[in-house]
Each structure stands twice: as structure tokens, then as C-alpha cells.
Amino acid sequence: MTSLVAPIEYDDAAPEVRAVYDDIMATRRVPSVNNFWKVLANDPPTLRRIWHNAKQVMAPGALDPLTKEMIYLAVSVSNGCGYCIASHTAAARKAGMTDAMFGEVMAVTGMANETNRLANGYRVPIDPAFDR
Amino acid sequence: MTSLVAPIEYDDAAPEVRAVYDDIMATRRVPSVNNFWKVLANDPPTLRRIWHNAKQVMAPGALDPLTKEMIYLAVSVSNGCGYCIASHTAAARKAGMTDAMFGEVMAVTGMANETNRLANGYRVPIDPAFDR
Amino acid sequence: MTSLVAPIEYDDAAPEVRAVYDDIMATRRVPSVNNFWKVLANDPPTLRRIWHNAKQVMAPGALDPLTKEMIYLAVSVSNGCGYCIASHTAAARKAGMTDAMFGEVMAVTGMANETNRLANGYRVPIDPAFDR
Amino acid sequence: MTSLVAPIEYDDAAPEVRAVYDDIMATRRVPSVNNFWKVLANDPPTLRRIWHNAKQVMAPGALDPLTKEMIYLAVSVSNGCGYCIASHTAAARKAGMTDAMFGEVMAVTGMANETNRLANGYRVPIDPAFDR
Amino acid sequence: MTSLVAPIEYDDAAPEVRAVYDDIMATRRVPSVNNFWKVLANDPPTLRRIWHNAKQVMAPGALDPLTKEMIYLAVSVSNGCGYCIASHTAAARKAGMTDAMFGEVMAVTGMANETNRLANGYRVPIDPAFDR
Amino acid sequence: MTSLVAPIEYDDAAPEVRAVYDDIMATRRVPSVNNFWKVLANDPPTLRRIWHNAKQVMAPGALDPLTKEMIYLAVSVSNGCGYCIASHTAAARKAGMTDAMFGEVMAVTGMANETNRLANGYRVPIDPAFDR
């Protein structure tokens, strides 16, 4: 499979795109950017917006970066996004996810998808205590 | 909305159902069980199977219970399961999720759903480094 | 919740809409049509198209009507469509689904949603025997 | 990946299948049909039904064909259907979608997927003005 | 159903929240903000981020605002997000969507969801012409 | 694409994993296990749990094994899980699904996905008769 638009390499990028690439590499301390950003670079306003979102959302806050990456992975697995599963599994491992933790993320994700359907299918009424 | 089968209360439950209710209440240290279990009780083998799954999957392990509940919540939000969002938000709060943590779970969940579609739509090729 | 457009009752319907209502009632041997059709009647070409599709797809063929209704229900449960779950649970019951069968449809649907995510998350390669 | 049933080429097709292929080629002014139709041809009633649906639904009406193709693409991206993304991106380009328009379809699609989850997760109550 | 956190009214909002509300009302020329924003206001950085995203993504560009709203609606319908369906149907109507256009948005959205599954289920191989 | 963890072959498996493999082969009367199980074997508690679930859920009961496999397939198609579609199409064929039956499973699955969105998008109110 090839992308629908060509990835834009650093050397071929316009200054506004290079500025985003530079910020990604500096923030994440990596020597290059992933295909996701190189493909988004075909639409510079979207590249800049998504990177600024990612920078804000994934920064350490009330949750640490590893927890955030595992939540990201669980959502990507539920949606069946192949690229996202691959890249966020790598990112979560880099942030400290062990094999045992990966196994548990999968187990919780799988089970949540199962019980979501049981709750839907049986049309379980929300308990008064939860429906504040 | 009412459930498609009647919830089965403790006093009306058969011994095999009561045994599961008792184990849920003892394991979770709660005085009663939620509607989810009372509705599943109409199909005792499923009630027992799902409870044993939940007990194993949600027990502390490589991940702590709070992290597991937040992952569960993120999946339920992505799937749009109203009952599951309500019950697992409550469970996560009980396990220690603050308002700030809830806000960040939502922010990560929302953003993952956005970038999942951008990766799909642009058909971003998986970086060789991720495709081991 | 109210629908976004008003349901159109038989007495208020244009002849082309009445013709579809009459065919639904005759085919299904029911004295009136469900809200789904009354709402679609606001867009007569869609009403007619969807009814013709339903008539063809749900007719007995290589699969009997009960099996078809249970598959319909499993999909509706997976998608979390409240109206569809309610109406196709009723339709499946009318076609012969017992409580035990309903319980097993839910169990299979729940488990398929779980293992779908495990297969996605672990990125399980397709066995050569399946990839003809 | 190969399809689960063999695509049926024009020269090997039964008359009823050829009639649909002919109508597709004439309606769309193309010299051949896509794999989607060649695969569906294994089930002629479905081939005919889906083509008649597509012909009616995608014809110019209150919406022009380009708008319809972009909506189709947005849904396919949300569902993660690889074939559909590829074929409807091509169809939308043929109908006039520029690179800038493609970028905006992706941006809206991504953002809608994000805010859908925020609305679900926070359980935002429907404003009275919207709930007519 | 009530939201999981209380909506924050203008008079009770902190200055940073009021600033966002003011910008929403000025940009959209409306006298108040929807529940979506009042609920997000519990997490001011997310409120500000999502509003800035919406402002950029939904502004007129290569696509006009009505087309963007109809794409937004198609995605919300596919995801089954009740709040989003209600609010974006209202927004699309305000931007000029007629009843006939609404019917066609629904028809395309429904059909895309159908053919997405046929393409998946038959595992239709991507035509070489689409897989550039 | 390769899996994120290496599949574990029988000869390399620990005794607790071999015991599950043996039970799968004996129950299903097959000479080896699929990749799904070999990949799950990296997390033995999940391997054992999922196998015990599958054994219970997919056993003949109120529904026969073929009906269960077709429901499983319909859900996997709706979720777009490539591995699951491939493996459960094979399993359903083994249980007796003919080409005509496969075509009807696809037709019902596709149509259910279409009408689910029409019901959501028009916000069809649940008929009193269905909302017991």
C-alpha cells in the first residue's frame, strides 16, 4: 500500500513545514519525523494544527506520558487503525511499556469491547448512582 | 429505556446466580451489584464467564486498577456505549481519577480518534521502524 | 428524544408512500408500519429503495428468516444503534428466537468484538490456509 | 491479500451479470468495471441490488456528485475501509476534488471523530433548541 | 441523562473561559454557546484547543461551510453520536441544508456504510489504478 | 505485516501453553493451531482465558455452530478486522456455509449497517411496542 499523497522529506519541505518538523524532532528528541507527519505536510495548516494538538494533549500533566500512550493504543486498537496501532505500540514501548503491560492493555481493550456490546444488546439501564 | 430482560434481584436469584453476586460484592467490597450483572443473570453461564473474565482482567498486575479503568473508559467512549461510559467513569473515579485526569483521558481519546482517521484517510504507510 | 422529521401517518401519506406502507403490511402481515418507515417516508425515493432492499435481503433464501434477523441484531448491537437493537430483537423473537438463543447471540457478538480487537492489537498475520 | 471469491471478468460472466456491467460502464462512461463489482458478481442478486442503489443514491439531485463522493469518502475513512478509501478518493478526484479539498475533507472527518468522542465521554445533554 | 460534569454558565465562568465563549459568540454570531462548550469548559485547555481547531477546520476554504457541516453530520451519524447528530443537523440546516439535501446526506451515509462492509467482507482487492 | 510479538510454536511452548494448544486441537479436531493462538501465547493467562471463553461460547447450544460462526463473521465484517474475516469465513465454510449462504450473510450485514445509520441519522423514536 502506498499513501494517497507523497510523503514530503525534510530537504524538499517548505520553511513552514520544516519549522514543524524541527519542533517535532526537538520536542521528541528524535533525528527524523514519522511518515504520518511527512504525509500531513501536504496540507500545512493541518500539519501545524495536529502537531500543536499532539504536543498539548500528550505532554505530561495529570497523567504521565506512558498512561497516555497506552490509552491512545487502546483506542487505535478498537478502531482498527493499522498505522496507529504500529506507531503507538512503538511509542508506548519507548515510554516504558513492557510485554506484560502490553498484554494487559490488550486484555482490557478486548474485554471493554465485549462488555460494551453486552450492555448495548441487553439495553442495560444506567444505575441511578451513576446517573448523577 | 428499559432493558430487554428484567434485572434479577438478589432475593429472586437462583443459587448459582447468588454465588456470582456474592463473589462480586466480596471482591469489590460493595453492598450490591450493578444493573449490568442483574441483567446478565438472565443467562447464568454468560454471567459467570463475564465476571470471571472481569475479575482476571481488572485485577492489579503489570498495570494498576486505575490505569485499567481509564483504558476501559477510553474504549467505551470511542464505542459510544452510554451505560459503559457512566459505569466506568464512576469506577475510575472510585479508583482515584480526578477531574483533571478525566479531562486528559477525554483529550487523549478524542485526539486518538481524530488522528486514526487522518492516518486511514491519507493511507499513511507504516514506517519500517514500526513494522518489525 | 424526538425524530428530526415528523413521522408520516398512513392517513396523511401521499399515494406513493401509501403503496409502500401497503406492501410492508401485506408482506409482513402486520396491521401498521414501524416508526422507521414513517420517518423515512419524508424522503419517498429512500423509503421505496430501503423497503425493496429489505424485502429482497430478508426474504427466505439460503438462510432462514430467523438466522437473518439474528445476524441483523448482532450487527446492530455492535454498532450501538438503539432503535435497531429494539426493533430487531422484537423481529427476531417473532421469528422464533427464544431467551436462550438471545443469550447466545449476545455471547457470540460480545466475544467477536473482543477477539477482533485482540487480533488487531497483536497484528496477527493471516494464516496461509485462510489467505487463498 | 486476495478476495475470498474470484472476481468475475466480463468474458466469463453470465448474461445477467454482463447486463449490470454494461449498465455500470454506460452510466459512468468507463471502459471496465472495478474489482468491487467483479467480486459482487458472485452473488448476482446482490450485484444488481447494490448497483441499482448506487445509481439512485449517487445520481445528481439536491446534492451534486462531488459533494456526494466527499461524504462517501468521509464515511469510508471513519470506518477504516481500505478499499473504499482508495476507490472513493479516486472517484472524488474524478468528480473534481482538488488536493486542497481532499485536505479539508480529511480535516473535517478527523475533527468530527474527535468531538464525537468528547460529546459522548462528557455525556453532553442535547440543547433544547436541537431536540425538537 | 445528565452530563458527568456540570455545564459552566457565562456568569460563573473564569475569564479564560469567558474569552473563549466571547470568541465563539462573535465568530458564529450567536447570543449564547451550546452545551458542548459549557461542558468542555470544565477543562479550559481542552475548551480552548477544540474551539481553535473548530474555528480553523470549519472556516470557509476550498470547501464551503455547508459542505463541511454535511460531512460532519455524515461522520456523526456513522458513529452514532446522538448529541453530534442533533447539533450538526441544526448547524447544517442553518448553513442552508434543505430537507431534500438532508435526505440525500442520509442516503449516501447509509449506502457508504453498507458497501464498506461488502468490500470488507468479500475482501475486495484494491484495483491497481487506485493504488498509486 | 508481521505481528508485534513472535508467534510461539508448539515445540517452543511452555507446558501451560502446550496444554491449551492440546485442548484446542482435540476440541476442534485439527492438527495445529492458528496464528491467533500462537500470538496470544505470549500472554498465557489471556491465551487460557480467551480459549475457555471461545470453547464455551462457540459450543453447540440453543444455536448450532454454523449459525454462531456466521454471526461471528457478520460482526468481524462490521468491525473491519481482516484477520477475523479471513479466519471466521474459513471456520463458517468448514461448518457448512455455502457460497449462497456467504452471499446472504454479506447482504444482511451490509444492509444492517446501512439502516443502522438511517435510524441514527433520522433519530427514529423507538416504537412503544418494542420498548417494553
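Before moving on, here are some points about what is shown:
Letters are used for the chains, namely A, B, C, D, E and F, taken in the order the chains are written, and counting of residues starts over at 1 for each.
Quick note on the criterion: a residue touches a chain if its C-beta (ideal position, glycine included) is under 8 Å from a C-beta of that chain, and two chains touch if they have at least 3 such contacts.
Since this is a predicted model, take the numbers as computed values, not measurements.
In summary, the chains found to touch both chain D and chain F are A, B, C, E.
A count of contacting C-beta pairs for A-C and for B-C identifies A-C as the more extensively joined pair. Put simply, the chain farthest from chain A by mean CA position is C. Placing every chain at the mean of its C-alpha atoms, the farthest one from chain F is found to be E. Each chain gets one centre point, the mean of its Cα atoms, and the points for chain A and chain E are 21 Å apart. If you average the Cα atoms of chain B and of chain E, the two centres end up 27 Å apart. Shown for chain D are the residues that touch two or more other chains, namely 1-2, 4-5, 42, 45-46, 49-50, 53, 57, 78-82, 85-86, 89, 100, 103, 105-107, 109-111, 113-118, 120-123, 126, 131.
Of all residues in chain E, those touching chain D in their complex are 1-5, 7, 34-36, 39-40, 42, 46, 50, 53-54, 57-58, 61-63, 67-68, 70-72, 74-76, 78-79, 81-84, 86-90, 98, 100-101, 103-105, 107-109, 111-127, 129-131.
Taken together, the chain F residues at the contact with chain E in this complex read 73, 77-78, 80, 82, 85-86, 105-106, 109-111, 113-118, 120-123. Chain E meets chain C in the complex at residues 80, 82, 85-86, 89, 99-100, 102-103, 106-107, 110. Across the complex, chain C meets chain E through its residues 1, 4-5, 42-43, 45-46, 49-50, 79-81. Residues 1-2, 4, 45, 49, 53, 56-57, 126, 131-132 of chain C touch chain D in their complex.
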